[in-house]
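Common to both upcoming complexes is chain A, partnered first by chain B, then by chain C.
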Partner chain A sequence: MRFIFKTDYEDDIRLLPHSGYIWTYGTLLVLLALAPFMFSSYIMSQIVFVCIYATVGVGLLILSGFTGQASLGHAAFLAIGAYTAGYLQQYDVPFPVYFLGAGLLTGAVGALVGFPALRLQGIYLVIATISFAFIVEEILARWESVTHGNEGMRVKTLSLFGAAIPRDSASFYYLCLGFLILIIVGTLNLMRSPTGRAFIAIRDSETAARSMGVNVALYKVKAFAISAAITGFAGVLFAHKMTFISPEMFTLQLSIEFIIVILIGGTFSLHGAVLGAIFLVMIDPFLTYLKDDMPGIIAGVAATFGASKATASNIQSNVAAFASANGLKGAIYGVIIMVFVLFEPLGLYGRWLKIKLFFQLFPLYKRATFKRQKIYVKSERNR
Partner chain B sequence: MSYFRAENLSLHFGGLKAVDSVSFAVEKGEILSIIGPNGAGKSSIFNLISRIYPPTHGKIFFEDQDITQEPAYDIAKLGIARTFQNIELFENATVLSNLLVGRHRHSTTSLWQELLFLPGVRSAEKVHRRRVEQVIEFLDLEPYRDKLISGLPYGVRKVIELARALCSEPKLILLDEPSSGLNVEETDDMSFWIRDMKSELGITVLMVEHDMSLVNRVSDRVIALNYGKVLAMGSPTEVQSHPDVVAAYLGA
Partner chain C sequence: MLDFVQQLVSGIALGCVYGLIALGFVLIYKATEVVNFAQGDLMMMGGFFGFTFIAMLGFNYWLGFACAVLAMALFGMLAERVVVRPILGYPQFSIIMVTIGLGYFLRSMAGIIWGTDDLKIDTPFSTGVLRLGSLVLAYDKLSVIAATVILCTLLYLFFNRTTLGTAMRASSENMLAAYYMGIPVKRVVSIVWAISAAVAGTAGVLLAPITFVHSNVGLVLGLKAFPAAVLGGFGSIPGALVGGVLIGVIESMAGFYLPQGWKDVAPYVVLLAVLLLKPEGLFGLHVRKKV
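Moving on, here comes the complex of A and B:
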């Protein structure tokens, strides 16, 4: 087990506490850089989605995980980013300009949403953000002169400094990955500065934060703006990846997917956003597998256990009907959320930390190490 | 003119007068304790000063400035820090980041500088860290720097709350029952620290406290409250022998 001996205040500030981190993250970075040469275009495409979802996840973590303000409206922020890109692109605005513009506009909208949200907490805030998402969805469908309504909008191939970057090229992957890394580093910087600490203070006790000089309203608006801006940037990349955007892509289900990203990954660390994004992107191939192969496999198993041909084909068609039922995805999401909230509240990253600690302390690991217990009841009077 | 002054301070919840025209003054560098039975309005006075509640009537002055209308977060910026009766720490953060939040009123860096973590932010962080370290040393918190609050015992949390208030380098500190939930030794430590805060750090202390031995040991003056009204004011012995105070505690 490594003991970090701190000799300088710098040791509390630096992002990589010791050389082990440089090795692991360096190796990861090299692998990610080499990925386009190792994987098929299908897998690369999935990795690009992981990058985009993880970027949104980081944005949502800043708001929900670190500042403690729940949001089910992030699909709307993603939509605003995507549509800004699509709209500005029609007028041959260069990529860097509309990329920045989309982020800033979404950030401004986020700040506007933040103001009425100042007086809301918990479930009421969730309802307010859902309403916001519905309003945006409706505007996208009705404001046809700008958004082309329900017909949707084509997004042209991304071109940067005159060079075309098609959506399945390695360059597009590097762009998404680079932006994700940029956002992660920026967020880490923020979280080790006064602003980040103010966010955490607001999450844990608004009263105490206020009495320590934190302007709670200002910082909540800041959290909303930053979170929305990051999601808006991701929206531009999302639009380019999809090449076609329409209002029905940015529904409540997408917002729930973003919640899954941070809930499954772990709400207390940026690792959670990436792990959660990987998990979420893997659900789709899993569902396809369920649809295409599962019925045959189950029927085969039934046949080996002596079921007649008629029964086996009956089973096969029933399983196939179940696997392609409408809303199965939503149901699976619901089950996943419930299972994680009940049994793994710290998410995948929490599980990883537990496994790591188990081996570090072997054979002394206590099962109660991560047990959450409520010993002291906090005062509710000063809320 | 006194350093800190409350004039006819009142807080009414409908017909209930939690604080009823209370006036008092705190001189620079003194330790003033507020005592009184449960529900006398002691913590309400603190909540009025730190602007958690707006007062129904009355005014509060600090360094000859009317702070009655200041927003809550500006109270800390003026140099008034407080602790809470039922510990209000940032549970899921480390001790260090809790204490660094105490430094918030001294932070001057902008969001953009922080996103890029420019050299200015880095050097400011080191200054904050050094100040926090001084407080850690003052209150013997060295073993707990990187621990999460949620895993610490009550007595330590109480000290960390005091530390967080001290990290903001306050001129006036409001201590809401600093000894509640502490054992005899911890209360002894607390009384030394309170006196050191006055003599070494030059901080003026306004304290709500039930433990009379602690009050007697540290206070320069004592105010006794009951039903939101001031019963008596003076030295600890004077107040304790005041007939109204005896009646309030023991029944007439």
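Moving on, here comes the complex of A and C:
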């Protein structure tokens, strides 16, 4: 087991506490750089989605995970970013300009949402962000001169400094990956700066933060703006990846998917956003697999256990019917959310930490180490 | 003028639908400080149970209605036992997420079990209208208004006049203290989920002739019931009714007098305005925390 001996504050806030980090993250980086040469274009496309979802996840983590302000309206921020890109692109605005413009505009909208949110807490904030997202969705559907309404909007191929970057090229992947890494490093730096400390203080106790001199209103608005801006940037990439955007893509369902990303990954660390994004994007290929291969496999297993041929084919068709039922994806989402909240509240990254600690402390690991505290006393009504 | 009155009346009828669903939110919030995002989906389940008993098994309407409500009460208890009790006492957001998950699960399971077609239940109120001068009001909507008012009154009396109701209010304010006072908090939570699911079941069966029974009905109506509950003050039973009626009237007026598109947004605009100006709602309690 490695002990890190810290002698001053600089040691404590290092991004890479010891050499092991350089090796692991270096290897990961090399593997990611080589990915386009190793995987099929389908998998690469999924990885690009992982990058985009993870970027949104990082944005949402800053707001919900680190500042403690729940939001079920991030699909609206993504939509604003995507539509800004689509709109400005019609006027031949170069990519860097509309990329920055989309982020800034979304950040400004986020700050505007943050002001009313100052007075709201808990459930009220959740409901307010949901309503905000509904209103944005309706505006997108109705403001036809800008958004083309429900017909949707085509997004042209991204061109950067005169070179076209099609959505399934390796360059597009590098762009998304590079942006994700930039955002992650930026967020890591933000979280070890006074601003980040203030965010965490607000999450842990707003009253305590205020009495320590943290300007709660200012930092909450900042958290909203930063989170929205990151989501807006991701929206530009999302628009280019989809090549077509329409209001029904940015519904409450998408906001919930973003929450699922950080919930599954773990809400206390940036690792969570990436792990959660991988998990969420994997659900679709998994469902396809379930539809195509599972019935045959289950029937085969049944046959080996002595079921007659008729029963086996019966089982096969039943399983196939179940697996291809329309709503199955919803059921899987529901079960995943419930299982993670009930049994794995710290998410995938929390599970990884538990496994790591188990081996580090080998015979001495206590299950209670990660146990959450129950709070029966606090009424959130009179905060 | 007649248009206005007709819009007002149909708005009130629509509002009672929202009020009935909001009542379910309010009950659970009042007793446990949990917001049940699956409330609309519980209502949808109630509709499907009603369909099963009345249309599939051929029960008499009132018997089928009673069976559906009873089945929903048991279902509510089951849901509480399986997904809510393990996280009792954890932050609110965990419980919100669990109920969102529950809603997803119920929606898609209902779609798989009962199919995705619109189903219909024949009720004694399905046909016929009440005419008051030149005003027209269908019996099925009248039944919803009556049920909402009756349920609101009963539940209001229940919460304010009975021991169990007082116990529920106590356990929402401070679970630990309620437990020390000898209130069986877990059973109280379980009962309130049963009541809330039964209210949702009533709503589901009553709405069946109006909205039909399909798996997404709860999502749409459930999200509209939020503004109603917030407008009325989240913890107030009469507030749910008043909030629901206000939202219903606003929606129907916006649909009639404002340009297209406002109808769906108006409730949420009102909601945001209420949250900004008076977050505790019309009937809510305003309490400050002592540090």
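Here, the second predicted complex is superposed on the first by the 341 of 383 C-alpha atoms of A that agree within 3 Å, B and C clash if a C-alpha of one lies under 4 Å from a C-alpha of the other, contacts with A are read in each partner's own complex, and residues count from 1 in each chain.
Simple rule for what comes next: contacts are C-beta pairs under 8 Å (C-beta built on N, C-alpha and C of every residue); 3 or more make two chains touch, one makes a residue touch a chain.
For clarity, every value in this text was computed on a predicted model and none was experimentally measured.
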Chain B versus chain C as contact partner of A:30, first or second or both or neither: neither
Touched partner set for A:186, first chain B, second chain C, both or neither: first
First (chain B), second (chain C), both or neither touched by A:207: both
Superposition-derived comparison: chain B or chain C, residues of chain A touched: C
Which superposed partner A:120 touches (first chain B, second chain C, both, neither): second
Touched partner set for A:16, first chain B, second chain C, both or neither: neither
First (chain B), second (chain C), both or neither touched by A:327: second
Partner chain(s) touched by A:198 [first = chain B, second = chain C, both, neither]: first
Partner chain in contact with A:128 - chain B first, chain C second, else both or neither: second
Chain B and chain C footprints on chain A, overlapping residues: 207, 372, 375-377, 379, 382
Residue numbers on chain B that touch chain A, as the complex places them: 47, 50, 52, 71-77, 81-82, 84-93, 96-97, 100-105, 107, 109, 111, 114-117, 121-122, 125-126, 129-130, 133, 150, 154, 157, 164, 168
Residue ranges of chain A in contact with chain C within the complex: 70, 116, 119-120, 122-124, 126-128, 130-132, 134-135, 138, 141-142, 207, 252, 256, 259, 263, 322, 325-331, 333-338, 341-342, 345, 372, 374-377, 379-383
Touching residues on chain A, where the partner in the complex is chain B: 9-10, 12-13, 186, 189-190, 192-198, 200-201, 203-205, 207-216, 222, 226, 268, 372, 375-379, 382
Chain C residues within the chain A interface of the complex: 33, 35, 83, 86-94, 96-98, 100-109, 111-112, 116, 172-177, 179, 215, 223, 226-227, 230, 234-235, 260-261, 264-265, 268-269, 271-272, 275-276, 279, 285, 287-289, 291
